[in-house]
Every structure is written in C-alpha cells, then in structure tokens.
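Written out below as structure tokens is the structure these notes cover.
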Amino acid sequence: MFKLRPFVIALVAVLVVLAVAPAAAQETTVLTVWDVWTRDVEDAMGEELAAEFEAAHPGVDVQRTAYLFDDLMTTLPLALSDEGGPDVAAVNQGRTSMGALVEAGLILPLNEYADEYGWWNRYAPVLHARNSFTEDGSVYGEGNMYGMSNTAEVVGAYYWKQAFADMGLEIPTTFAEFETLLQTIKDAGHTPLAFGSLDGWPAIHEYSAIQHPLSTVQAIDDFIFRREGATFVDDANLLAAQKLVEWVDAGYFPDGFEGMDYDNATLQTFLNQDAVMWITGSWMTSVLVEQAGEEGIGFFVIPPADPEDPPLAIGGVGIPFGISARSANPDLAAEYIDFITGPDTAARLLEVGFLPAAPVDPSALTEGTLTADTVNAWNLISSKNAVGHYLDWAVPLDDLNASLQELLAKQITPEEFVAQVQEAYEGAA
Amino acid sequence: MTARRQPQTYITYFLLTIFTLLAVLPFVGILLLSFKDTSELGNGAFALPQVWRWENYVEAWQGARFGDYFQNSVIVVIPAVLIALVLALMSGYAFGTMRFRGDNVLLLLILLGLMVPFEAVIIPLWQLLGTLHLRNTYWALILPQVALSFAFGTFWLRAHFKGIPADLIDAAVVDGCGSWGVLWRVLLPLSTPALLSLIVLLFMWTWNEFLLVLVMAGGDLRTLPVGLALLRGRYATNITVMAAGATMMSLPVIIIYVIFQRHFIRGLVSGALKA
Amino acid sequence: MAGEIQERGLAVRQPSSLSTRSQSLLARLSGETTLGRRPHARPYQAYLFILPGLLLYLVFVLIPIVNTFRYSFYEWTGFSEPTYIGLDNYTNLFRDKDFWTAISHNFFFVIFYTILPILLGLFLTSLLTRQRLRGMVFFRTGLFIPYVMSPVVVGIIWRWLFALDGPINHVLDAVGLSSVARPWLGDFTFAPYATGLVGTWIEYGLCMVIFIAGAQSINEELYDTAIVFGANAWQQFRYVTLPGLRQQILVAFVITFIAAMRLFDLIFVLTSGGGPGKTTLVTSVLLYTEAFNQNHAGYATSMAVVLTVIILVVSVVVTRLQARSEAEELV
C-alpha cells in the first residue's frame, strides 16, 4: 500500500530544514566599532559608513558607538582587557595611550594588513612613526605599526577675511610679520586672538603656535619620541613661554580669557567677530563652515621665524584606528579599517569638513574656500616634512594644562614653566 | 509656654526666608534657563522666558540621549534600592533584636565599609567585576551600590529596631510568631518612618552616583549624572539644553524628597544620631 | 532614659544619655539604647538573616578594600601584571607635591563644607530659642534641596552662575560693582573661594535643619532654670542650647567632613577637575587622574589608603572627644 503520509512528513521536514538552515548558516557576525565622531555631521557620516560596510558584507552587523575623546581614553584600556570590548577602536597616539596598550598586549600590530592593503602609501610614510611602537611598547616611533589614521590635523590661524581687508592686512610670511600683525589689530581697537584657557588644553595650541616656529623639527621630534638627549629646557621653548606672557600683557587675548571655555565662549567670541583670529586646529573647519559658510573665514599656517625654513606647525595624522587583540574577527576588522581609511572615505571626510590624511585631489577643491585653505595648509606642512606634535603626547595632560594656566596667570615665570614641564616629562617616562 | 511675638521672631523668620531662598533660587534659575532660547542668555537669570521652549527638553531627551540615560538610571536605581532594602531589613533586624556570637565583630566590619571612601575601592572593584565577567552590564552598577546601601541600611535599621521595646517582640513570640513572622508582621508596620527615610536616602545616593558609573559604564549604560557631566562637544555649546537635562535629572529626587520629606528629615536627624 | 518627646513639628528620639560605661567604641558609635535583650531567636537564625547581604557586601566592598590595600604595594597599570615594589608608592606619595597640594585643598574645603555651615546653623538656631515656628515645613523643604541634588547638577548650575557673562557678574554690574566682576572659576585667587562657597551652599541647609530640630527637643525646664539664675539670651544659648546640641553638631561635623574629604563630582564638573592650574585640585580627583589617565593604578591605591586613614582617624578622634566631654558633663 502506498502510504502518502511519510512522504508528506519528509517533504515538510526538508522544507523546514531548508528554511531554517540558511538563516542558521547566515549567523550574523558582529563587528563592534568605537570612534570619537560625536559631532552631528561626523556621527551621521559614521553611520553611513557602517551601513555601507554592512551592505557590502551580508551577515555582518556593525555596531558603532561614538565616545567623547577624554572618555574613550579612560574607558578603552579597561574595555580592551575584557571580553565584550570593541573590535575596532580609535586609539589615542602617544605613550600613555597607545604605548600602554601595546605594552599590555591589548592591540594587534598591523604590519601584515598594511602590506596586504597597501596602507604604507596612504599618507606620507614618515607619518606612520606616530602610530608605531616597538613590540614591548618601550620605544615610540619605531617598530610595528599599531594604528591607521584617516584624518589629519594642522593647527593654524583662522581669520575673518573681511576684517583683514578692512585693516589692509595680508597673510604674514615670517613670524615677526605675524607679531606685527597682532599689534596692528590691537592698535586698531580689536582683539587679535580668540582664546580661552578655562579648559586647559587650548593653551597647548596657543603655546605651541609660538614654540614651533621658533624651534626645529628635530628638537620636537626628539622630545616627543623620547630620544637620547631630548629635553624641554632649551632656548626656543623658553622664548616661546616669554612671548606667550608678552601676548597676555599686550592684550592680544580677550578680557577674562582665563574664564572662557573652548566649546562655548571661545567659539562664540570668534563667530561674533569679537576677535579677528583664532589659533586652533583644523577640526573646527566643519563647525565654522556650518556656522559661517565657506567664504568668510580663511586659514593659514603660522609662518616660521626664517622664511627659508619649513613652516613647522602642530599637526599630524588624526586619531588612528586599531584592532583589539581579543577580537574574534581581526581580518574583518582590518577590512573595516581599510574601508574607512581608504580613498572613497577620504572624499566623504572632506565633505563633512574633515581633513583627510590622504592627499586630496586638487580638482575636488574650490580655491578660496575655508576647506581649501585647510587642505592646502596640511599639504604644505606634510610635503615639507614640517609636521609638529602635540606636547601632551610626551607630557601628562593634567600637568601640562596646569602649568600653562599658571604661566598665563603669571603665577610662575617662564623659566619655572619650562622647568615644570621638564619635570613632568621626566616623571612620566 | 506661649510664644510671644518678639521682634526676634520676625528677624528669625526673615533670616530663615533669606537662607531658604538662597538655597532654592539657583535651581529656579536653571529651571527657567531650561525653557529659554540661547539668545536670551543676556537677559538676566530670573527673567521669564519669552517663549516656553519645550523643544529644549525634547532635544535633551533625544538628541542628547537623556532619554536613554534616564532609562538607565531607572534600571539601576529601582533594583538597587529594593534589593538593598530587603537585605538591610533582614540584617538590621538580626543585629537589632538578636544576640549571637560575633555580632560586634560583624558590625565593625560593616562599619568599615561605610567609612572607607568609595574612591579608594574603585580600582580593585573594577578588576573584580572584570573577573566576574560583569563589566559593562547593569549589574556592575547595581551590585556595588547594593552592597554599600546594605551596609548603611543595616546600621540604620539596627538602631531603629533597638529602640523597639523587647516586650513587643516577646509578645509576638509568645503568640507563636517565628522570627521571620516577627519581622514582617510585627516590626515592619511599626517602622514606616525609618523605612521611608532610608528609602529616600538610598534612592538619592544611588540616583546621584557618579564615580562608579563614570568608571564602569560604557556609553550605552550611562546614567544621568555621567551623561550630564560628559555632555561636552556637541551640546556643550547649548547651555539651555544642558539646563533641561539637569532639571530632568533633579526632578525625580526632588519630588521623592518633597513627598517624603517629613519622614525623611525626622528619620535622618534621629537615625543619624543613633548611627 | 529613652525620651520620646512630643512632636513639635519635628520629633527627635534622644538616644539614651545613660548608656552605661561606653568604653567600647562600637557601643558609642551605635548608640546602644537597651541592654540585655532576651534572645528570642536561636543564634543560627541571626546568621541566616545576615548572610545574603553580608555575602554581597563581602564580595563587592570588603574584598576590594583588602585589594586596595594590597595593590598599594605594587606598581600596576590597572590592566597588566602588577609588580611588587614594597613601600615605594608611599615614599613617592609623601614626596609628591601634587598630593600635598590636594590634601591641603581638602582641608581648605573643610572650612567651607563643615565649619561655615555649622556656624551658620548655630547662628540661626540661637535666634530660635524656645520659639515655636510656623511654616517650618516650607523652610525645611527648601533648605535641604542643595543637599539632595547631585553634585553634578550643582556644578553645572554654579558654573553657569559664575560664568564671565553669567548672572553673578550681571548683578555686580547692575549694582555698580563691575570692577569686582571677573571670571571667577578661571581666576587663580578666587576660584578656590568660589568653589568653597558652593560647598557652603550645599551643606548649610543640612546643618540648620539638624540643629533646629535638635534645639526644639531640648528640655524646657533647663531654660526655665537658667532664667531663674538670671541668664540672658546669649547665656541661655551658650549654656543650655549649645550643650544640648552636642550630638547634632557631632553628626553634622562627621557628615560634612567626610564630604569635604571625598570631594570629587563637584570638582570634576565645576572646575574641570582642579580649577585653574591646580588651585582646586583635591585628592579624589588626583587619585582618579593618576589611575585612569596616567595608568598609575598602584600609586593611586596608595593615595586611596592614605585618604581613608585620614578620614577614619579624624572621625574616630572627634567622636571620642565628644563622648568624653559628654560623659564628663554627666558627672
């Protein structure tokens, strides 16, 4: 007797298995990404990138969280040393952050991936040193590469073009000219520089803006990478400290700057044109473009003392992305990093006001816009190997902030300032 | 003795009023600020808003993720307070009404935890939570606070139970209540003021806890205090939204406090003395 | 004897003033009110009641405390292998300028957190002697609000108030005191005082309420006796009220002292963790930055141990002193 039922049951079973199996096989892989793109435009871009990657990789779920920078610096080591941490994370450069992580074996060396994907040429090769450490984390600037950046930064001066035009000012070519410029603006009854030291760290840029033109690439590199004989106590640094105090006395900064914070007061001061210039980093370009358009504000690098020298300015490749040593999917993570540091993303970064680390196609820029100015500034210093450093890569931030605030308030002399910084530098070795 | 209306009385009332106003006005200021537009900032702290901008609240809730933080706070505080309450009731009862070997030693041990500042234990605690695989979970925020609240609550309720006449308990025992029954059926109804004030205190401390959350919680688990403090960057330029966030965060505590303040202060004053 | 005083707006149960020979520190601190309770439960049951909570407490509080002590003898980043270094952390600590700066600031803030609020509270209470106050509910509610709010919110509010273009400077301008207006929280001289002021604002309500409550429960007869002896208002305060408020003052002192020593949240928000330079740096903040920004976790735990010891020693000493003076009073 032909029994139909067993066949039906078998058929149903097969259908069920067929329906379930692909779903089971297509188990989602989760890729956890932590970055520092908290501003609206940045955040949106981050989400878009994540979505595109997911679309190109079915079965992968990218879970992205944006952290404030300070926050990530504190949370990351703890998160990486435990399960459930991120696969891809923005890792701050420098000894205390990346160096410590390398020493503890929490992030992977990326050399093989760099070879595979051709990362070495994504930006000027000399810049990779900033993301490199020896395997035990002891020497900075050599050894394996642990992070891949996609943005660049340069600290320079934003200025209101109309105000310059009104006062007959031109972009200076030497540092002396720059100082004259400041005095001219002051004499005309305006505040030359927007600046607020309440948060502490903006003072680092202000100080370095004077220090870098007076110093040399070699001295600063040695200091940051802690090479033999590096010291903070030298004439250039002392002179820079003295000049900074002179600027305070000359009234180049707004009244009450010691009570002004960065995000609120200083930004508003500049936007309201209560100050003509603002020495800060290229990361503000996107905000300024958003608030004031592309035409009103320009950007230039503070010129060197000697016009023959390269224009040394703080800068570098932005916060790099690293891979957790505990990641279950390091290859996938590397692919993600390749994606967000690649040329397509570079174009997107430019659109949202970031400065991409990779050289930008000039045809994509409209000369005379703030964005173009920013890109040109970066090209200028990276092509001339005049990329400086953030001092807090070698000196603990809290100590540096405190010493700078004390210097600005004339609680300590420039000599004491230099000595204090040197002491903090040695203490952190 | 009737109080005669001496001039002194008026002075006293006057001063009390001044001090109370000083205590409250800053909060009123921030409340008004939360409804203003940023352009109104120069108008004076106590000027009324031109338009009552509820948008600030909406933006704080969604854009600044205060809705998430609020949710996290609730998820952490309610279990933390409830669990601590039950555990403290039980142990406060034992310490307060029973005698047993080692009661002094154990009590001292519990006292120790109350005197050691939390900042001192945060680092090993973080490590411990990692070993237990609890990091970055709500339990990391709940359990340590339960432990601390338990210590305080034990002391608090012990002092309270000690004040209850022994005869009451004996009577209940004679009536056939087991020790469990004595607690729940006899003592509990008598303890409302002490319990209420304890609840308010524990709620307040857990709701406001900052350092623990700062260290243990990743972005998604943030509670209100940390969410508010780290609101730099995007919303740092928008003090009105921050004000809205600050108000939202303070309201639950203030509401609970106001409702129970009679019991709370009475309990705090007498309990603190005993503890 | 336990006195249950009729409620007059506030009720306070006086702990027994005849709590026998209170040699045991424990008895002193816990205010033993009755003696020789007849056990109504088998001892093992007590353990059962205590166990669950105690277990949690052991795991999440006691063990970390022990570890804090242990790690203070190690060099440790917090996420890698610790290295034993004996007392090095402590010797470095005592040579650390920043540490002494921070501790001195903690004690500086004690003036504003403890001394000033207590004085304000006593002052107000002195005006109240023997008065029955109406509307205490409103006063009580309002005065306590600063204490109830999170220090984070307090920090944000006062950061706004003290801003360069904030309400305080506005008021100063309005009354013609523009020269006094300044960026308070960025000023090296004034930032600590501004911060201290916030501390006083937080705590004075607490002190006032506690003292007023205490004063209302002082035995009327004592005042009558004093008046018979010809005591004036000040003398009544000095010899009746003040002694009667001993316990309350002790409580207020301990609570506010510990708050001043543990200061963290407020400083973190109000002065970005230390104010201009390091003028408002306090120990907990230093501890935090050493541990989490500089990866000196071992060093930080040694700091934590020292802070704990300071708190413990002062609390115990003050409590003992109070006990002794009260015992002397009774004799």
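Chains: A, B and C, in written order; residue numbering restarts at 1 for each.
Everything that follows uses one rule, which is that a residue touches a chain if its C-beta (ideal position, glycine included) is under 8 Å from a C-beta of that chain, and two chains touch if they have at least 3 such contacts.
Bear in mind the structure is a predicted one, so any value in this text is a computation, not a measurement.
Participant: Please classify the inter-chain touch graph. Allowed labels: line, ring, star, complete, other.
Facilitator: Topology of the interface graph: complete, with all chain pairs in contact.
Participant: When the contacting C-beta pairs are counted for B-C and for A-B, which pair yields the higher total?
Facilitator: B-C
Participant: Can you work out the whole-Å distance between the CA centroids of chain A and chain C?
Facilitator: Averaging C-alpha atoms per chain gives centres 42 Å apart.
Participant: Using Cα averages as centroids, what's the distance between chain B and chain C in whole Å?
Facilitator: 16
Participant: How big is the gap, in whole Å, between where the Cα atoms of chain A centre and where those of chain B centre?
Facilitator: Between these chains, centre-to-centre, one finds 40 Å.
Participant: Would you pick out the residues of chain C that each touch at least 2 other chains?
Facilitator: Counting only residues that touch two or more other chains, chain C contributes 78, 292.
Participant: In chain A, which residues are in touch with two or more of the other chains?
Facilitator: Within chain A, residues 74, 78, 81 contact more than one other chain.
Participant: Of all residues in chain B, which are in touch with two or more distinct other chains?
Facilitator: 126, 215, 239
Participant: Considering the complex alone, what residue numbers of chain B touch chain A?
Facilitator: Counting only chain B, the residues touching chain A are 126, 130, 133, 135-136, 215, 218-220, 230, 232-234, 236-237, 239.
Participant: Going by the contact rule set out above, which residues of chain A touch chain B in the complex?
Facilitator: 38-40, 65-68, 70-71, 74-75, 78-79, 81-84, 261, 263-264, 267-268
Participant: Please give the residue numbers of chain C that touch chain A in the complex, ascending.
Facilitator: These residues of chain C touch chain A: 77-80, 163-164, 182-188, 272-274, 276-278, 281, 289, 292-295.
Participant: Would you tell me which residues of chain A are touching chain C in their complex?
Facilitator: By the definition above, chain A touches chain C via 73-74, 77-78, 80-81, 96, 100, 103-106, 197-200, 256-260, 265, 396-398, 402-403, 405-406, 409, 411, 428.
Participant: Going by the contact rule set out above, which residues of chain C touch chain B in the complex?
Facilitator: Chain C residues touching chain B: 2, 10-15, 24, 26, 29-34, 37-41, 43-47, 49-50, 52-54, 56-57, 59-65, 67-68, 70-71, 78, 120, 124, 127-128, 130-133, 137-146, 148-153, 155-158, 160-161, 165-167, 170, 201, 204-205, 208-210, 213-214, 220, 247-248, 251, 255, 258, 261-262, 264-265, 268-269, 284, 287-288, 291-292, 297, 300-301, 304-305, 307-308, 311-312, 315.
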